[in-house]
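First up is the structure itself, then whatever we jot down about it.
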Amino acid sequence: KELQYEVKQGRKGFGIPGLDEMLSDGLLEGTITLISGGTGAGKTILALKFLLEGAEKGEKGIFLSFEEPAAQLLNTARHLGWEMDRHLAEGRLDIKFISPVELDVDKHAFEILDMIREKKVERFVIDSISSFENSVSDLQKYNDYLWALGQQLRRRQINTIFTAVNDDPFSPLIVSKTQISLTIDNIIILRYVEENSHIKKVLGILKTRGSDHDKALREFEITPNGISILGKLDRADMLK
Amino acid sequence: KELQYEVKQGRKGFGIPGLDEMLSDGLLEGTITLISGGTGAGKTILALKFLLEGAEKGEKGIFLSFEEPAAQLLNTARHLGWEMDRHLAEGRLDIKFISPVELDVDKHAFEILDMIREKKVERFVIDSISSFENSVSDLQKYNDYLWALGQQLRRRQINTIFTAVNDDPFSPLIVSKTQISLTIDNIIILRYVEENSHIKKVLGILKTRGSDHDKALREFEITPNGISILGKLDRADMLK
Amino acid sequence: KELQYEVKQGRKGFGIPGLDEMLSDGLLEGTITLISGGTGAGKTILALKFLLEGAEKGEKGIFLSFEEPAAQLLNTARHLGWEMDRHLAEGRLDIKFISPVELDVDKHAFEILDMIREKKVERFVIDSISSFENSVSDLQKYNDYLWALGQQLRRRQINTIFTAVNDDPFSPLIVSKTQISLTIDNIIILRYVEENSHIKKVLGILKTRGSDHDKALREFEITPNGISILGKLDRADMLK
Amino acid sequence: KELQYEVKQGRKGFGIPGLDEMLSDGLLEGTITLISGGTGAGKTILALKFLLEGAEKGEKGIFLSFEEPAAQLLNTARHLGWEMDRHLAEGRLDIKFISPVELDVDKHAFEILDMIREKKVERFVIDSISSFENSVSDLQKYNDYLWALGQQLRRRQINTIFTAVNDDPFSPLIVSKTQISLTIDNIIILRYVEENSHIKKVLGILKTRGSDHDKALREFEITPNGISILGKLDRADMLK
Amino acid sequence: KELQYEVKQGRKGFGIPGLDEMLSDGLLEGTITLISGGTGAGKTILALKFLLEGAEKGEKGIFLSFEEPAAQLLNTARHLGWEMDRHLAEGRLDIKFISPVELDVDKHAFEILDMIREKKVERFVIDSISSFENSVSDLQKYNDYLWALGQQLRRRQINTIFTAVNDDPFSPLIVSKTQISLTIDNIIILRYVEENSHIKKVLGILKTRGSDHDKALREFEITPNGISILGKLDRADMLK
Amino acid sequence: KELQYEVKQGRKGFGIPGLDEMLSDGLLEGTITLISGGTGAGKTILALKFLLEGAEKGEKGIFLSFEEPAAQLLNTARHLGWEMDRHLAEGRLDIKFISPVELDVDKHAFEILDMIREKKVERFVIDSISSFENSVSDLQKYNDYLWALGQQLRRRQINTIFTAVNDDPFSPLIVSKTQISLTIDNIIILRYVEENSHIKKVLGILKTRGSDHDKALREFEITPNGISILGKLDRADMLK
């Protein structure tokens, strides 16, 4: 009874050369990953790419957005040369947009789980749990709900990404006051750093529960060709 | 139904050489931009220039000011050699000043939207949403209102600029505790830095949703000839 | 109706060589200036000099003091070799001292405005608005009152200086939590810096609404001969 | 009556070469140890290894988890090449998982103590007391409960490890606002440090009540072969 | 009526070579001075010396202590080779000790002023106003009382020293949240600095209302021979 | 009446070569000393040694512990080669342990003072007043009680040590928000510093009321042979 569920051993990648290697071939199957970073750091795009990579392999995905409507996401994808339209049309991808003003956790919680079950979803994104947190008045309730949701997702072995917004985009602080670390298996941190009068983006993997990972901090770029992982930066103390 | 509105692909510039290039030819059409900076950093002047550039191209603009009355803005424009008077006279520009003491959000919200609709406004500025925030007692209400306003502006494809005041003019902290990042597509940060016993101004683009942008931090100057984007500063760690 | 008042183009100086040059010949006529600094930084003396310079030119001035009684100010002026006594005697200068304990904003507000109107005052100082703030229980009321006062002063084109006390004399933080930046056109910051085991004073102009200004940070001295603007300091990062 | 219990003199090791040496052959028998660190620092794995080392020597252990279910822990152990399955099967190890949502301190407190007594447990882990703290509404009650639990464990001479989560994984701050230092005999701190664009892990022993310990800060690694203590890092000021 | 009191021009020294020079021959007559510093910085000893110097010149002094009883102060003076006993015996000096527990501001306020008037006191010390602040429940009341007391002392031209305790002895922060800067004419700051593995003491004059002063930061020592002002320290940034 | 008690001139040492010298032959008789430091810094051991040194000289001592039961302290002493058992047996030393959960200040306050009086105690330790503070709900009450206790101890000329826990073991912050500095005559600070990838301990004397002391910061070690004062550390800015 204690051993409620199996832990799968497969890997679910982003299809981003460099990043999948850093994760020892992708995220461990059935785990929940937090992508944390300031506004504009690339959380939405990284999470979107995770679903698109799944869709390429025939895995169904749902992108639950509390921030940008589908049109916006579609547009972003087009600019990056990603075939999101096709996957949407052919049913491998679904975007569910709930504005923060409309969000009613008690009501939507069931819908989300139903949707995941019905559609046999394999990859799932919530962008962002910060919006979600803001719309729940009571922190305890938020923690409980997140935990329960996490349990359901884990039991169903859904490969999940939560994004979280750092209020200060230049600080590495991740999660505080909430019990989110209980729900999360893996943590990817995105940060702005300044080097040479340029704002650059850096990515690091802080934790992968039950698995090894690369400990390097790498610069990455979002360009019209998508996301590229670059080398190390000269700057020291990026995480201070 | 989810894909409520089209995302336009045109660009709306500031008419400031250097800045428009940094934005890949201007701001993406129909998006909402935040200009954040300390007092005196140049937020008002930058936002004004955005409207004037539109007026030059025949696009109608409204400048909603909670800080300076029209006479003040006119005077500033004259000193910078900008033909604001003509655009005002010929109806391409309108300045609406509401003192923070008089501001009644519930009443003015409708008026603003009506005004935008009637006048077929294409460029719109609120200077500043910080004043606006201060006059709403309830943060949740402020967030909801901003979101709703943002939705209306986006649906009508209005090219919008919000300015926001940083309490500490020498820190890069931008937006916190409010859900403004949900409403905002692009972020331009203005900062004071000290170099060589001089107070200098620096501009950087932190985020442009769905579009590439220059990652450089550039010095800029406000002189009697207007705004000029200069080169890089020697000082490192401007954003720390 | 929106263009409620004219913006004058004249300049009002301090009569301090170096400082007036930094301000492009003085403060723009009819504007409100904030002098911010720690205790002992020189706020009172700078504000006093502004009135004395006006008196020399025949412009009437009122110094509204919440900190030091007239005798104290007179004494300071005498030590600095300033002819305040004569200007007081000949009616070009008036000192109104209200102790913070006695201050009753609702009552004094009208008196102040009456006094300014009756005496055809051209230069006006409040030393300090921090004392003033402390005696108003409600921050919102303080903001509203300051705004209203600012509007009256601006409409009457009074050249006004407000001083404000920084709690930490070695930090550049200026104004926070209050909406004072709405009321203020120009900001002069005074700071202590330590160089070579000496406490030195530094002056910088952060903002002049609608006008250019020097961006340098200069050391200044208060000596028995008055205020002198000196050169640059070797120390870097004075504003950090 | 004051001298309520004997203090044993034996040692209980982790079976990790390097770490046991740092502790002068292991933790003093019958003491309570805090392992403190950010998320992903290795607290769970270190605590698990402590129990497995005991199991190898025939000492019964209980792992009370408020964070990860047994399956997750089993999986982690397998990946690290540890024979946790065998010890579980043969009754030398027990994992008790209570989800933070279900945790009812008043009820579970007795159960835990009963379990420890019945099963003649010699090594005991609570992972983590931070989760535990979050589920008790009243800080005073939490402190009292922790103290009482600590007393019981000490009286029964149980070799105990508590883990605690640092909210900021890059800061050395350990315990605050709670009276946990009263209950704790030994403190091991785990920290992330950044060196050379890599996130590294560092371990130090801050305190061992009544015993000497190594004062070095050592890098350590979690690899598919388990935990290895490495040498010193070049980086200075790791604890700042 | 405004010019309620004369400002005297004489000087009142400490009798400490070096310090009196820094103050241009002593504190301006009839002013109120704040000595601020961490615990053990030397506030009590400096204030005591001020009274003893007066006593040597035949000026009556009262030391109002909320911290140390007379015996303690006497003992300290003896160790420093100061003839406090004689001055006490001959009535030139009086020590009034009120324990913080007994202090009743409303009652003692009158007593203090009566005492000062009756005894024709010329020098007066309150050690410390921090104790005093702690025993007044209401900050506003404390501010009002301090202001009123200051006014009385100034009107009677009493040469007054207030000491204030910095909570963090290694920070230069002086006075905050209270309106004490209104009451104070001069500020002397005492600080600990660390140089060369030694804790040293540094003294600086931050402000003297209406008078010039030395801007140097000097090391000082308390030895069995009393207080000596030493030279400059090599350490830079003592005030950061 | 003011001179309520004599100030003795003898010295009470720790019996630790180096430390007694730093204190000019020990603590001044009849004074109250604060030992402040993070957890594990050595407060308990230092305070214990103070009592043992007294016992060696035939002076009775009481160790009032809110943190560790007698057995624990005995064990620690044994490991350090100290003959605490003998002193306990022969009545020169007494350990009174009150668990923080049981502590009832109103009740225990009398008991403590009775005990001190009856047993003609000459040295007294409270380990720690932080635990004590935590168990008093009202800060004002805590301050009053501490003051009253301090007065009693001083009147009886008891050589007293209070220990206090710093929440952040790597910061030099000592005492804040409480009026403890009123009660304390001497302050010894213990700190962790990091040098060369090692956690080292440093000791400094911040204040000795009425007496000279060494201003050096010295490394110290707790080894199986007891406490040794070592030399200076290379690291600068240990107190920052």
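Should a chain be cited, it is by its letter among A, B, C, D, E and F, assigned in written order, with residues numbered from 1 in that chain.
What we mean here is this: contacts are C-beta pairs under 8 Å (C-beta built on N, C-alpha and C of every residue); 3 or more make two chains touch, one makes a residue touch a chain.
From a predicted model like this one, the values you see are computed outputs, not experimental measurements.
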Determine the shortest chain-contact distance, in steps, between chain B and chain E.
2
Is it true that over half of the residue numbers where chain E touches chain F are used by both copies, so same, or is it different?
different
Centre distance in Å when chain B and chain C are each reduced to the mean of their C-alpha atoms
30
Between chain D and chain E, what is the separation of their C-alpha centroids in Å?
52
Which category does the touching pattern between chains fall into here: line, ring, star, complete, or other?
ring
Going round the ring from chain A toward chain D, what is the chain order?
A, D, F, E, C, B
Residue ranges of chain E in contact with chain F within the complex
38-40, 66-72, 74-76, 79, 95-97, 99-101, 131, 134, 165, 167-170, 192, 194, 196-200, 222-224
Residue set of chain D touching chain F in the complex reads 2-7, 143-144, 147-148, 151, 172-177, 179, 181-182, 184, 187, 204-212, 215-218, 232-233, 236-240
